[in-house]
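Pasting a structure here, questions to come.
Chains: A, B, C and D, in written order; residue numbering restarts at 1 for each.
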Amino acid sequence: MTASEEPRNVFKLSRDWLSVQEVVDAVSSASCGAISVFIGTTREDECDGRKVIGLEYEAYELMAQSEFRKLCDDIRARWPTVTHICVHHRLGWVKVSEASVAMAISSPHRHDGQQAIQHCINQLKASVPIWKKEVYDTQEASWKENAE
Amino acid sequence: MTASEEPRNVFKLSRDWLSVQEVVDAVSSASCGAISVFIGTTREDECDGRKVIGLEYEAYELMAQSEFRKLCDDIRARWPTVTHICVHHRLGWVKVSEASVAMAISSPHRHDGQQAIQHCINQLKASVPIWKKEVYDTQEASWKENAE
Amino acid sequence: MADLRVIVLYFAKSAELTGVKEEELVAVPTPISSLELWTLLLQRHPRLRLLQDQVVLAVRQQYVAIGDQVLTLGDGDEEVVDAVSSAS
Amino acid sequence: MADLRVIVLYFAKSAELTGVKEEELVAVPTPISSLELWTLLLQRHPRLRLLQDQVVLAVRQQYVAIGDQVLTLGDGDEEVVDAVSSAS
């Protein structure tokens, strides 16, 4: 790898619309033949007869950054060929069908990256302090486990 | 699902730069919480001391379309919750670090889509008649199995 | 044994239940276990009890389980109380 | 038993070896097995032998293995010969 190819761990919390292209560009590398991407969107859903119209996200930003760094260390220990990792997560109001998280991982070959991206989204939801509140068409709302 | 939510199978062979956003938009759906994406790029590589400077792709276009439809049927039989499938593949000259294939699959929950995208890229390479020729800095070139 | 000033941050449902996002606790005894600290927070905000098993504590950006574990708090430490409701 | 006119398409390395992308074969006997058809193509283009085991045939956009399988060809059928070299 050249100097510009030092492994990158990019994490951004954003109140704006997420750009998939930006996440992909952040991990692209001439030494990588594979970029695995996952996008989580707000799904139109019903809960006890109420319709979900959107989600409200909140984070403990400093701790989210440090938990993300731990997660990256964990991913690189499991899949050493992983080159760059980028996660963008929305905060605040995200209406139905908009992306709340977009993440990309580059690797020389596709298998490692595909395994790593699944681990990344699972662990992001399990350990990074970001909370979501479902908001319903009845004006009600409820905080949810972020595990789904 | 509403009428506009009929499962879509989108396949495009293109001589232009691939847009990840376009592939993602093609599968987005209010009923889906997950979009799994894979991007295959031309990797800077060496082969017998020669440096790969790019790839040249060629397809049997009509048959590629029909093999893609079979692949979509296979994916939907294995993961019935898969909603939309979109694959864009480059033809012609693709230089190092550009995308040769971009694919996206949407599903209500992430697990099915993540399994399906891995199957999709594996089977695309195994069964869809697209060939690639590695072009080296020595002006030499050689046709490759598309399996990698 | 000493008394400390500790900053507590509340997130998500815990902020809704306490009505505050951040507060300062003075005269927190140290050493203190995570369970004793949680009990102290419950005395100030009885509605936090609604969180039951879903509460997560973090001290200096490290998660701590609620139990006998003794916390070594430094003056002015951030202590984070965050919580989610169970998925219904 | 009849003789047919068949269109053969060559792709990738097979097109390089034959020097053509497409050709018309006249008086192709039918029925014919895929192995007999491949032998007929090898007679026209001996360099196709370089493809050895890597050759893939398709008739009417369906892959066919090279062997005893009898092909039912219709007049003017597209027959595709495509091939890749083994990964070195």
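Rule of thumb we're sticking to: a residue touches a chain if its C-beta (ideal position, glycine included) is under 8 Å from a C-beta of that chain, and two chains touch if they have at least 3 such contacts.
In this text, all values refer to a predicted model and were calculated from it rather than measured experimentally.
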Inset, instruction - State the chain with the largest centre-to-centre distance from chain D, centres being mean CA positions. - result: C
Inset, instruction - Find the two chains joined by the most C-beta pairs in contact, please. - result: A-B
Legend entry - Interchain centroid distance [CA atoms averaged], chain C/chain D, Å: 75
Legend entry - Distance from chain C to chain B - Cα centre to Cα centre, in angstrom: 49
Legend entry - Between chain D and chain B, distance of the C-alpha-averaged centres to the nearest whole Å: 27
Legend entry - Residues of chain C touching at least two other chains: none
Legend entry - Residue numbers of chain B (touch at least two other chains): 148
Inset, instruction - Using the contact rule from the top, write out all pairs of chains that touch. - result: A-B, A-C, B-D
Inset, instruction - Sort out for me which residues of chain C touch chain A in the complex. - result: 9, 11-13, 16, 54, 56, 58, 61, 63, 80, 82-88
Legend entry - Complex interface listing, chain B residues touching chain D: 47-48, 58, 60, 62-63, 66-67, 127, 129, 131, 133, 142-148
Legend entry - Of all residues in chain B, those that touch chain A in their complex: 19-21, 24, 28-45, 96-97, 99, 108-110, 114, 117-118, 121, 148
